[in-house]
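Mind looking over this structure? Questions follow.
Order of writing sets the labels: A, B, C and D. Residues in every chain begin at 1.
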Amino acid sequence: MIEKVLIANRGEIALRVIRTCQALGIQTVAVYSDEDYNSLHVKKATEAYHIGEAAPAKSYLNQEKILEVMLSSGADAVHPGYGFLSENDEFADLCEKNKINFIGPTSASMNLCGDKMECKAAMLKANVPTVPGSPGLVKDVEESEKIANDIGYPVLLKSVYGGGGRGIRLVNNDTELHQAFESVTGESIAAVGKSAIIVEKFLQKTRHIEYQMARDKHGNAVHLFERECSIQRRNQKLIEQTPSPVVDSETRERIGDLVVKASEAVDYTNLGTAEFLRSDDGEFYFIEINARLQVEHPITEMVSGLDLVKLQIDIANGEPLPFKQSDLKMNGYAIECRINAEDTFLDFAPSTGPVPDVTIPAGPSVRCDTYLYPGSTVSPFYDSLMAKLCTWGQTFEESRTRMLTALDDFYIEGVETSIPLYKTILQSKEYKSGQLSTDFLKRYGMIEKLEQDLKDEKSEKSKAAIAAAIIHSEYFKSLVQNRQQNNSNWKNRMS
Amino acid sequence: MIEKVLIANRGEIALRVIRTCQALGIQTVAVYSDEDYNSLHVKKATEAYHIGEAAPAKSYLNQEKILEVMLSSGADAVHPGYGFLSENDEFADLCEKNKINFIGPTSASMNLCGDKMECKAAMLKANVPTVPGSPGLVKDVEESEKIANDIGYPVLLKSVYGGGGRGIRLVNNDTELHQAFESVTGESIAAVGKSAIIVEKFLQKTRHIEYQMARDKHGNAVHLFERECSIQRRNQKLIEQTPSPVVDSETRERIGDLVVKASEAVDYTNLGTAEFLRSDDGEFYFIEINARLQVEHPITEMVSGLDLVKLQIDIANGEPLPFKQSDLKMNGYAIECRINAEDTFLDFAPSTGPVPDVTIPAGPSVRCDTYLYPGSTVSPFYDSLMAKLCTWGQTFEESRTRMLTALDDFYIEGVETSIPLYKTILQSKEYKSGQLSTDFLKRYGMIEKLEQDLKDEKSEKSKAAIAAAIIHSEYFKSLVQNRQQNNSNWKNRMS
Amino acid sequence: MMDYKIKDVEGAFAGEIIKRLGDDEFTIKINDAEYNLIILSMDSGGIEFVLDRQYHRVKYLEHTTNQMELVVDNVPVTLNMHTHFDGIVYKNSGGASTGDAQLALKSQIPGKVVSVAVSDGDEVKKGDTVCTLESMKMQVAVKAHKDGSIKSVKIKDGANVAKGDVIAEIE
Amino acid sequence: MMDYKIKDVEGAFAGEIIKRLGDDEFTIKINDAEYNLIILSMDSGGIEFVLDRQYHRVKYLEHTTNQMELVVDNVPVTLNMHTHFDGIVYKNSGGASTGDAQLALKSQIPGKVVSVAVSDGDEVKKGDTVCTLESMKMQVAVKAHKDGSIKSVKIKDGANVAKGDVIAEIE
């Protein structure tokens, strides 16, 4: 039985794990870098250990140091959160070797999930559809042409050594394919000295839909419904919701069955997420397994009533799942907005620094997971996620309007945030009618809409701004003038 | 259709109503007294009007002034909250006469609910059991003796002009009854010049169990399950929970049917609460109807998924209930703790003043309705309820442990609070096993347990206290000593 | 009366206080409309007030003579105006009067010295900037009240000066 | 070494710093056990620190010479101790040395004057209280450093004094 958990993470997810441990009477061990000595996770944990410098490589990614703390603190389990070491199979292996219960899948399963080619092969074997394309590397242009004609144009040519848009070409016919094959090969050889190409069908107007899956150590598996996470920037999720507007109960069950198969195909244990692309014609294609708790897990908690961290701990303790698939029912609608410290107009560049003042929204069915408090700091060393704001409603409309009210109430001083963008998105007719796609922001000109909304908001606030300026200058004049007149009051106020 | 609601209240309930209105796009009008100019409800409403001095009679109870604001602001409806004018049938009547939609029952129904004798008579007619006793006033000692023997001793003799324990006697047999009849008559005549006595069965070890009821203007009625509110001090509720540990689904349905009858018996519209005493042998006795939204409504929201303020507005708009009794299902367990500004050890005397710092608890399935913010004030003019802390869980144990974690996280500087008492109660074996009764605090010696818990807590914090004192005096010495040595750091810190 | 422009907002605004109804209550006029304004709380960092029944929280962020950065109810707003503050300070320090005989140039506002423009012995003309003070997050120039030469500068960069403190002596 | 008693808690506690490991880190000893202490933040209202890996937040509420009111992690605690602070201040103001020739009694701590015990012309004995200062929510007596008569009292009730300011001249 797990009695003391080391949380190898920071920020809101460390707090999230601590909360459940507290309620369960499990002791917690926090670790912190130089940058985080004054962070909430340090304050809330039963014990806290300093593990190094601000840079992640010197602290939160330092496996030896974290192992040392695990052993000296007497922790019997480790929760990796998300990011950092959460999907590092070497770290999972290190824990296994030291008899520390790693709250997540086995290192072997994690390794398999992490290797995209092998994972895809395992899925194909289990009849889980993946994006159509070459089963592995293509040996020459002829083979790629044959595959392209089998699956139908347009297709993508991808160098497995590429990334970030490099070594990738969209082609519409045989001629383009021949040209592209040469240039991708050339680019790849120029960059890394070798080339290896795969062919994949190009999907237009796709949605990102993922399934929460849970599998215990006895092989019992269920899915905990889907989450739609199509609203993204630079392939990072901004807004998630469950249920998806395009998943009906038949689809939920059909894809859910595939998810259970997928978890079995990689012998997955504990909680994980199976991610799919859904093309505009309604087909689902498996893309990968995230072998950890996701950022967006709270919306699944809201519609399932489950505490997913508790479920993780129970599974890690070897307990069987306390329910069957047929026991699980979705209740209502939930939305999450990731409140990032970033400047929407500077291509989402991070915005960091002290947060002298913050007001956390509250109210019926509002949940806000955050590490912020008045006087806290957004560090440049870690990711820009400051808070996860989630709302629930009996209907989608109720969850949406509650989210808008909560976004209005959220005040964060000192850094730029994604809150204004989310207000624009949630008020747009496209969002309201569920017209989601991974290119939502561009497709519907959201940044331009935001610009207009901000202008309108400024117009609306003009009178108040002028009034504030008038009072300011009135005070200033009273400060300058020699006559003492009526300004004793002012003085008290301005002292 | 209601488009602009005046909220004739203050504090957390004003904020609660504003939140739902915001989400529904309904404009809000706040009113405030001299004491409340800097309160959150003033800041969050669409408009705010000053209505008078701090004393409730000069502001929140001032019907003429509030009517004036309703008319000048163009509000088409009024939400009375709880307390103040919420159960004042004259005020409801005033609104009706001025064509303002009073969000609550009609003045006639409210008047009937407010007259305890008439209401009891209506219930008896509808076959809703009330506490056995005289149907009305008894004319002489002989009649009271007959009734006492019919319903069985012990019984209570009550002067209808009494109150607060005055003019009330517990008697066990005919002899005691004869003596008591004389002394109650004498006391009552001495106090108010007349006497009027009723006889009622004395119930031992009772629980306070109430039902949320909803009835629309078309006569459709449902109950929204029970709340158990047995943990009280001086007849005021401290902790509420739903479901009650002693209400099974058969009982829920059986008493629920009575509740629907009760609402019909007084032609009730909108949301109200039917309160019952449950004797230790399992019998339920109707005591009264609270003709308003209750303080503890959030726990019903948590297990029903409904927004009760929205439901109130919909009913006031004349809409039919959107569900039948059979559509309603309880989901999970919820607890509310009323966080009062009071000193448990001074017989719960109010504790008022500025609150320089406050930390509001958060986390999965935690909801906190409060008017507190850092720099707010607890006013001596109004009631001591600062916050309502509610938690939900799939099981009772989950809601209880989440509450304990949330109570631990709740920090309120400057005033005494009931938080320590609640921690003691929630950890007691009696509470855990559902052994509730209206005399819970005394019956199980909770105040003494709290004393011991506080001593233990102090022992536990001894080392930290000594450490803080050592550092304090070390700093003090460095302040005094002339040598500049290492204390540049200290100086920066203490500036 | 002062004229204001708001970045990204069409048109100009003329604003002034037209009546003082008490310590905390005013009637103000913006363009042609009158509004009731009640101050709830105020300090140098911001103000909370009710304008025609509506609550607003405004933070004062940055302030130069002609520009102000505000956050109005969480919305950042940049305001341009002609403040005349330098002029007001100048006038009150004797600059517009015939106080030629006066040796000391005194500060008419409390503030922090952000820059000193002159040194001992410098020649100055009436109206030349002698130093710049920051007060209420606003920078204001203190200008020479007469022609002359700086006999001694009495303040330093970063110093806090009180109202009435001598900035420099000019003879 | 200092002795402490905590209200409602059995026994007494002896506490001291036994090693300074850096600006923010100490080894302290309470009774017979040693603990590691790391200061996270501190101001006159309170301190946040990690004591043997465990975080604590302590607010300093009230402080008299022998009693301290604290809130430790939300738990109110009353601490009694013998501080010797008056003695420390006295010694540092020259009280224990042979500084008889020194005219000025200087404050050894910054603080606010809460009461003045003497007037010009009063006779004082070495060690008599001249005034009481409040510093860090604690009241400390400033005592005469020699016998003599008060030539002039330099401070007033409510005034703020800096370290080194003259309290009074005694001749």
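FYI, a residue touches a chain if its C-beta (ideal position, glycine included) is under 8 Å from a C-beta of that chain, and two chains touch if they have at least 3 such contacts.
Fair warning: this is a prediction, and the values are worked out from it, not measured in the lab.
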The larger set of C-beta contacts, choosing between A-D and A-C, lies at A-C
Farthest CA centroid from chain D: chain A
The distance between the C-alpha centres of chain A and chain B, rounded to whole Å, is 40
Distance in whole angstrom between the CA centres of chain A and chain C is 47
Per the C-alpha centroid definition, the whole-Å distance linking chain B and chain C comes out as 52
Multi-chain touching residues of chain C, meaning two or more other chains, are 41, 54
Shared-interface residues of chain B (touching two or more other chains) are 44, 408
Within the complex, chain A is touched by chain D residues 38, 40-41, 48, 50, 53-55, 57
Counting only contacts in the complex, chain A reaches chain B at residues 16, 19-20, 22-25, 44, 298, 301, 305-307, 331-332, 359-360, 362-370, 373-374, 394, 398, 401-402, 404-405, 408-409
Chain B residues touching chain D in their complex are 408, 411, 413, 454-455, 457-459, 461-477, 479-482, 486, 489-490, 493-494
Per the touch rule, the chain B residues reaching chain C in their complex are 37-38, 42-50, 73
Counting only contacts in the complex, chain C reaches chain A at residues 2, 4, 6-10, 13, 15-17, 20, 23-24, 26, 28, 30, 35, 37, 39, 41-44, 47, 49, 51, 54, 56, 58-60, 68, 70-75, 77, 79, 81, 83, 85, 88-89, 92, 108-110, 135-136, 138, 163
